[in-house]
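As written, the chain order gives the labels A, B, C and D, with residue 1 at the start of each chain.
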Amino acid sequence: DQPFTLLAGPCAMESREHALDMSGALKEICDRLGINLIYKTSFDKANRTSLSGGRGVGLEKALAVFEDVKKVTGLPVVTDVHEPGQCAEVASVVDVLQIPAFLCRQTDLLVAAAKTGRVVNVKKGQFLAPWDMKNVVAKIVDSGNSNVLVTERGASFGYNTLVTDFRGIPTMAEDTGMPVVFDATHSVQQPGGRGGSTGGQREFVPVLSRAAVAVGVAALFMETHQDPDNAPSDGPNMVPLDQMEALLSRLQQFDRVAKGA
Amino acid sequence: DQPFTLLAGPCAMESREHALDMSGALKEICDRLGINLIYKTSFDKANRTSLSGGRGVGLEKALAVFEDVKKVTGLPVVTDVHEPGQCAEVASVVDVLQIPAFLCRQTDLLVAAAKTGRVVNVKKGQFLAPWDMKNVVAKIVDSGNSNVLVTERGASFGYNTLVTDFRGIPTMAEDTGMPVVFDATHSVQQPGGRGGSTGGQREFVPVLSRAAVAVGVAALFMETHQDPDNAPSDGPNMVPLDQMEALLSRLQQFDRVAKGA
Amino acid sequence: DQPFTLLAGPCAMESREHALDMSGALKEICDRLGINLIYKTSFDKANRTSLSGGRGVGLEKALAVFEDVKKVTGLPVVTDVHEPGQCAEVASVVDVLQIPAFLCRQTDLLVAAAKTGRVVNVKKGQFLAPWDMKNVVAKIVDSGNSNVLVTERGASFGYNTLVTDFRGIPTMAEDTGMPVVFDATHSVQQPGGRGGSTGGQREFVPVLSRAAVAVGVAALFMETHQDPDNAPSDGPNMVPLDQMEALLSRLQQFDRVAKGA
Amino acid sequence: DQPFTLLAGPCAMESREHALDMSGALKEICDRLGINLIYKTSFDKANRTSLSGGRGVGLEKALAVFEDVKKVTGLPVVTDVHEPGQCAEVASVVDVLQIPAFLCRQTDLLVAAAKTGRVVNVKKGQFLAPWDMKNVVAKIVDSGNSNVLVTERGASFGYNTLVTDFRGIPTMAEDTGMPVVFDATHSVQQPGGRGGSTGGQREFVPVLSRAAVAVGVAALFMETHQDPDNAPSDGPNMVPLDQMEALLSRLQQFDRVAKGA
């Protein structure tokens, strides 16, 4: 019953400077609040709605930036992998390998991530029931790696809508025996959407994250940006950086009650 | 930002003695905890899965019992109405008239309940979006009664399953301007079911009610029974009476954080 | 394996003249095509989205019109009932009593409709699984009436959307042993909607009715109007009267294949 | 408005002999019925529920078998690809590259498949709305390949359940301008399931495929096996080979009506 850890950062890595700025700013906030932080950012947006959506800086460049972030801030870092062939290289620098929700049943990817020995954070597919995650986790554990996190990020609910079923948090914790993460910013996405990009409802991030912390989670995942409306991806659902400290401080209050007596 | 009020009691009225026992026990608990209590129980289960499911004591007998409960305990009482013709008579004794979820769009029932001048608690249908409740509330308000509560009790999610979308709580609060109640025990029902009765997942009542209180609600609705497994209805989802005090006390801790600062 | 029967007419009864016009026009079409027709129209729209939505001509006036329609056209008629107290009176004239989907679990209404001895057409609630309809039908049969029809009209799918699960048609036929009706116009409703009324997708009526007839149904239910865009209710999902003959003729082709060899 | 093409074969390639047996048997059936056949089978089951589920014969061995099937039967063949790096090699033999539903938004895979110049059949994700497929198709077309098929295979509907929304077939046809395929056997899957494998409802394949053909599709996709209950994967939803001819013959009758006048 440790206080929640935070996985946070901008959706997409933009540049070395931006990564150092963001990770530095987040570290300061978390140091003030006493929160364990893992810096999150993606080197490739592999499933954008459209070809015209930017892809990111790429693996080579990103690994160098991750090394700098780790050196400068001392923070561990997490990023997502999309193909089995990327896992070993990413794991040479990155502390936590994240399996995207759409890919949570791709056996080769799970096994390759597992075999790096790094922590694997696997997101529950929008098409999966909470009790199905034990099969996903078993693929990783049976590959020799029991450092697994499972992340709730919403389930398909009709078209272009996700819903968070909070019964899933204790269900996954019990079924898998692994720490459960709540992804507060992807859970408010409006996937697909009618146009060429995905929508989001940033205003519900505090609502759902309060619920998650009260139910009891090991970690929160939140994407944040100093200027979400001009971010290269996921702007509609990222939390503005200047609102993070107040939000986290509020969530800590609920966490203390949840983890208390 | 008052502390939450509690609407609680057994699903079905069983007898004068049982009603006095239950209301007395709940009053003691709520007095110790400093919670405002409205005693809830139904005089008729009008939409049982099967004809063989018991219906309850009936309106005449129930009103006499409600009068006794009010006299002995001093508690206000709430019960559900099913036909327009019942409203005036029920309102002669009962403080809060509740509109069942399946009936939340029946205009005549809403208008008849409104015209009694009593508080009307209308449950959101399992088939309605949170933003559609403003139309339901408008039928009551436009009939001259603005003492309205709106209750979240889950939305249809595939077959035989409900899901609680916690975004609905602030959405309904903002859209309707009315206090929002979270019905923690019907939200864990498994409606219909394959057999001749409705199932439930009592173990998730604490989970969902923690989430609701953290998000922020004006009231909680919870059915309880001294022996749920032998109750005439809704046993699978009612909270055992001897677990209520610990549960409520825990929820008060989250409520204080939610309503604080 | 008889050819499909048609339940059709305007959503709301508008006037004696309109009812005679519509029933006469539909009778001509069905006579030409050799389709058994039951004339459908409602005397009361009891669950409009808003109070400002018109309610209809009322029971008294409607029964006189139904008598005229029966006398002039020779057609049997079907209408929906909303309260137990209406059933006997409606049954004095109307051949088929219809239970609205929202009310399909209201025991008193089902029993009162059953006791009239008239055919009872009960619509599956948007919140019910196909296999749960056997419990609904049992309430009618156990009340002494085995002339029951069950109608598919869509299931809740996220917010403001219905989906038709065509597996439900054979499931209900097998589970209940009763003829299954497909309601092609309410299945394309967009319930609730963000504004003060319900939307619809008239363009999908031919799509879903082709699917239903190919799967195999005993009857089709379709609301139609000479000028849907100016109809008092359900305009967005009604079929224009002047498109009915071509649509029905096409559906007969599929029906012959479905009912053949 | 050509008659429907059939994509059919066993879920998993089992051996050279089995592939020749199955493709030969299917070719005979389709020759008798006058149906264009594309032989389908998978060389790798990349997203099995559990590690213990067999993976298949692998790419190398499969390509040799596909060559034999093509030489012996003269049939074109279709198989699914899971990683960008597989596409060129697969395309050296296989006529139609299929993108699995879970992977339908993986840009690199779509682009790599597109660049082979082969026909690309992309399955709609269980988490996507029909109108979102235009973005998926655009990734392929904008990569220089306009030989695209889009396949409906069900949408998430609560947990462990798919539902087919037949409005999606004309919606995808209109939005993308591409031929639409209905996958009749995966649409009756019960994904995930509570245990270590996926369930299915084989009995609904004729129901849903009749509906699809009546609505109007360019092609049907159906997995079949001479002994589904002992097949290495997808047994619960495959059609027994000895039932295929009667089923297809029946579907042709509906197809002729759908494509007629």
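Just so it is clear, a residue touches a chain if its C-beta (ideal position, glycine included) is under 8 Å from a C-beta of that chain, and two chains touch if they have at least 3 such contacts.
The model shown is predicted, which means the values in this text are computed figures rather than measured ones.
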item	value
Pair with more cross-chain C-beta pairs in contact, given A-D and A-B	A-D
Listed chain pair A-D, A-C or C-D that repeats interface B-C [over half of contact pairs the same by residue number]	A-D
Inter-chain centre distance, subunit A versus subunit B - centres from mean C-alpha coordinates, in Å	37
Distance from the mean Cα position of subunit D to that of subunit B, given in whole angstrom	48
Subunit A and subunit D: spacing of chain centres that average the CA atoms, whole Å	33
Touching two or more other chains - residue numbers and ranges from subunit B	155, 157, 159
Partner subunit C, residues of subunit D touching it in the complex	155, 157, 163-167, 169-170, 188, 201, 204, 207-208, 210-215, 253-254, 257-258, 260
Residues on subunit A engaged by subunit C in the complex (per definition of touch)	157-159, 161
Complex contact set, residues of subunit A against subunit D	46-51, 55, 82-85, 102-103, 105-108, 111, 125-129, 131-132, 135, 138-139, 142-143, 155-156, 159-160, 191-194, 196
